Amino acid sequence: MDEKTLIAKRVALELRPGNLVNLGIGLPTMVAAHLPTGVNVFFQSENGIVGMAPVPEPGAENEDLSDAGGSPIGAVPGAASFDSAMSFGLIRGGHLDVTVLGGLQIDEEGRLANWMVPGKMVPGMGGAMDLVSGAKRVIVAMQHSAKGTPKIVKRCELPLTSVRRVDLIVTELAVIEPTDKGLVLREVAPGVTVADVLAQTGAELIVPSAVPTMPVGA
Amino acid sequence: MDEKTLIAKRVALELRPGNLVNLGIGLPTMVAAHLPTGVNVFFQSENGIVGMAPVPEPGAENEDLSDAGGSPIGAVPGAASFDSAMSFGLIRGGHLDVTVLGGLQIDEEGRLANWMVPGKMVPGMGGAMDLVSGAKRVIVAMQHSAKGTPKIVKRCELPLTSVRRVDLIVTELAVIEPTDKGLVLREVAPGVTVADVLAQTGAELIVPSAVPTMPVGA
Amino acid sequence: MSKVRKLEEAVAMIPDGAVLMIGGFMGVGTPPHLIDELLRQGKRDLTVIANDTARPTVGIGRLVTAKAVRKVIASHIGTNSETQRQMIAGETMVDLVPQGTLAERVRAGGFGLGGVLTPTGVGTVVEEGKQRIELDGTVYLLETALKADFALIAAKRADYLGNLEYALTARNFNPLMAMAAETVIVEAEDIVPVGVIPPDSVVTPNVLVDCLVAKERRHG
Amino acid sequence: MSKVRKLEEAVAMIPDGAVLMIGGFMGVGTPPHLIDELLRQGKRDLTVIANDTARPTVGIGRLVTAKAVRKVIASHIGTNSETQRQMIAGETMVDLVPQGTLAERVRAGGFGLGGVLTPTGVGTVVEEGKQRIELDGTVYLLETALKADFALIAAKRADYLGNLEYALTARNFNPLMAMAAETVIVEAEDIVPVGVIPPDSVVTPNVLVDCLVAKERRHG
């Protein structure tokens, strides 16, 4: 199983039946394909739909139906479409159960930076700031390091997405929970040791006496 | 022609084709029946419809379609229904061309009081404050006096509906326009003299050299 | 996981003293059986946020007449002499809010906004105790968000999942309130299969609805 | 009084330097012929308020590529390398606004509100220059209303009067913008007789629409 699939599978275990879930572009999108059996959730796309689904087959694309990246999507029976104010009302108003987002940096206070690299990349925050501020649960799904540089750091150097503490970080090495005491190492990936995780983390981790292995099948 | 019909007919002359118009309960409602030929306007009811109309015949009432007083109404082809936030977005956002409201008092600054009499009548302001603050044009349609007491006064004793200056006052005696110089007497009713109007008005009126008679047919 | 519940069960979730938002405008778009059942179960000390209290024998007015209500937040009570009497006698607290402001305050609660700036009420008694904010020469009042424990919603149609459609002027405050309460209880005139209400016609998405009251069996 | 106008005529109303709101999300729900015609007429110095600038050859991105735009107010320009280049080179001003905040600011403009209080952006660079307001222990930013001279709207269907319906995710910012501009120009995929769109399906009421662009005759 490749690293991204591992992350997606582990994140998928966090979703509960009936949840309203928003998946960011890229890695987070992969979570949809790994829902545990019997867990039906509703996916929101912030451009204005609850109930997004993949296009069922080539040729069934619709010009008026796309995800937040502009790619064609489908919809489940019982989907609902609405304007951008309503879409962010759902997000900001606490109606969104889970958002899964990528990350550039996360610090010891659990604060996420994921929207710009000054002088290099100025894409704009899109919906990220609202998602992180408003969702009931924020899960960051990302690779543990970027070209050998830890992404989990003492203090973010990149501009923050929100001062809100995220709820869970899932990487190919570990599951880490930001708490008011600091970052707690909750699980390690199969074949990964606590020492491996510590070596690739730029922030202090609180390590409980027992750290179980991620419950993800092959 | 009775006094209320005279007022309604005169107010109706202020409406322009295509206007969005909100008529208050009572006397203002009568304006709808006196639209000049060729003037088609859209009536809003603030409980959530543009395009209200009378119920065309007894038995055609619908439980889900009423005016702001709760009485059954009909609708024109091309009507649109919406929630209360949208309804007041139309009003507050400057999309409502004209509102016609009743009045308890109006002062020399053209400020209206029409929603409560302390200690006696506490109905609540309903939509009146939004209508007076937000409509492009506010027309007050009322009888000139209440049991011999002038309703047009130096300064309102009753709680104000809004500090916004209304645009026109139409009574059974006169048409008066509040301006930044004061209340200007624009027209007198057929058979009414300027002296009659002044005698029944509790505020100073600016009287131009010529005051025409209201252009309302019998 | 069906959301359909018996009327008694749904209303039994509501404790005495709860803060309720109730849809409707002069009774039109107010859920009639939910009101019946609140009365039958003898709820007390309710706070009701609604546009109006209709008439003494209609809709929300019936709760007032039964003295089930401790506090009303509404834009208009002029058609209910009993609400006015209780207000003047000090039996029921009544907070009067301009209708457009009430709509925005409920919406703000449901949309995660702290409040809005409105020109409505500036320079009137509505301004008392509120923050004035001037922007580019215009003065606004800061009006804060309202939330509730329960929203009691009347819909024209619900599908099995809880997607809702409303009819004509019975829509009014219902979709705004369905966003602004912890628990949303819906009485729908019809319950239809998923897919009957197309996505563009859904006004309240199913994810907002907690409980759908089963239709009364009137025949058979 | 018909609102139907020829494409050239409708777009000719827009002067250089105008502030435009343009509907759409990555081009989906952006009026294609209105963009074509803005380019053909060689408009300059436009301020564009929109969710994004799509891609360099798509939707609003085409206006950026043609250097017709002086200023962009958007939530996202990451998919348009040309917008980013012009921003970094100082050729085009870009004001980045969180998407939910942008939606509320446009809505506030159209709904007559001075602004809204949102928790989004507190403690980030978005806060710079803005008023912080604390209510019940939560900090919010005061985000002010946006308005425009023209709104360019893409609708699925319009009736002869100008009542509008949108389809699926092509709705996005369109109905909000149709409230917030002095003049509203609509490109609809279909124009249908009055009554075809029932009152409960109308998303933008006809009274908001100034100008309906006639369909291109593609056959005959």
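Each chain gets a letter, A, B, C and D, in the order it is written, and its residues are counted from 1.
Criterion: contacts are C-beta pairs under 8 Å (C-beta built on N, C-alpha and C of every residue); 3 or more make two chains touch, one makes a residue touch a chain.
Note that the structure is a prediction, hence the values are computed from the model and not measured.
Considering the contact criterion stated above, the chains in touch with chain B and with chain D alike are C.
Separating the CA-averaged centres of chain A and chain D is a span of 29 Å. One finds 32 Å separating the Cα centroids of chain C and chain D.
For this pair, chain A with chain C, the centres built from the Cα atoms lie 35 Å apart.
Residue positions of chain A with contacts to 2 or more other chains are 49, 75, 81-82, 85, 88, 91-92, 134. Residue positions of chain D touching 2 or more other chains, listed in rising order: 104, 107, 111-113, 118-119, 167-168, 171, 199-200.
Remark: the chains found to touch one another pair up as A-C, A-D, B-C, B-D, C-D. Listing the residues of chain D that touch chain A in their complex gives 25-29, 51-52, 54-55, 74-79, 84, 87-88, 94, 96, 98-104, 106-107, 118-126, 156, 167-176, 203. Residue ranges on chain D touching chain B, taken from their complex, read 1, 107, 109-113, 159-161, 163, 179-180, 194-195, 199-200, 202, 205-208. Those residues of chain B whose C-beta lies close enough to touch chain D in the complex are 17-18, 20, 42, 49-51, 75, 77-82, 85, 88-95, 134.
Listed in rising order, the residues of chain D touching chain C in the complex are 104, 108, 111-119, 131, 133, 135, 138, 140, 142, 144, 165-168, 171, 199-201.
Listed in rising order, the residues of chain A touching chain D in the complex are 45-49, 62-66, 68-70, 75, 81-85, 87-88, 91-92, 121-130, 133-134, 159-163.
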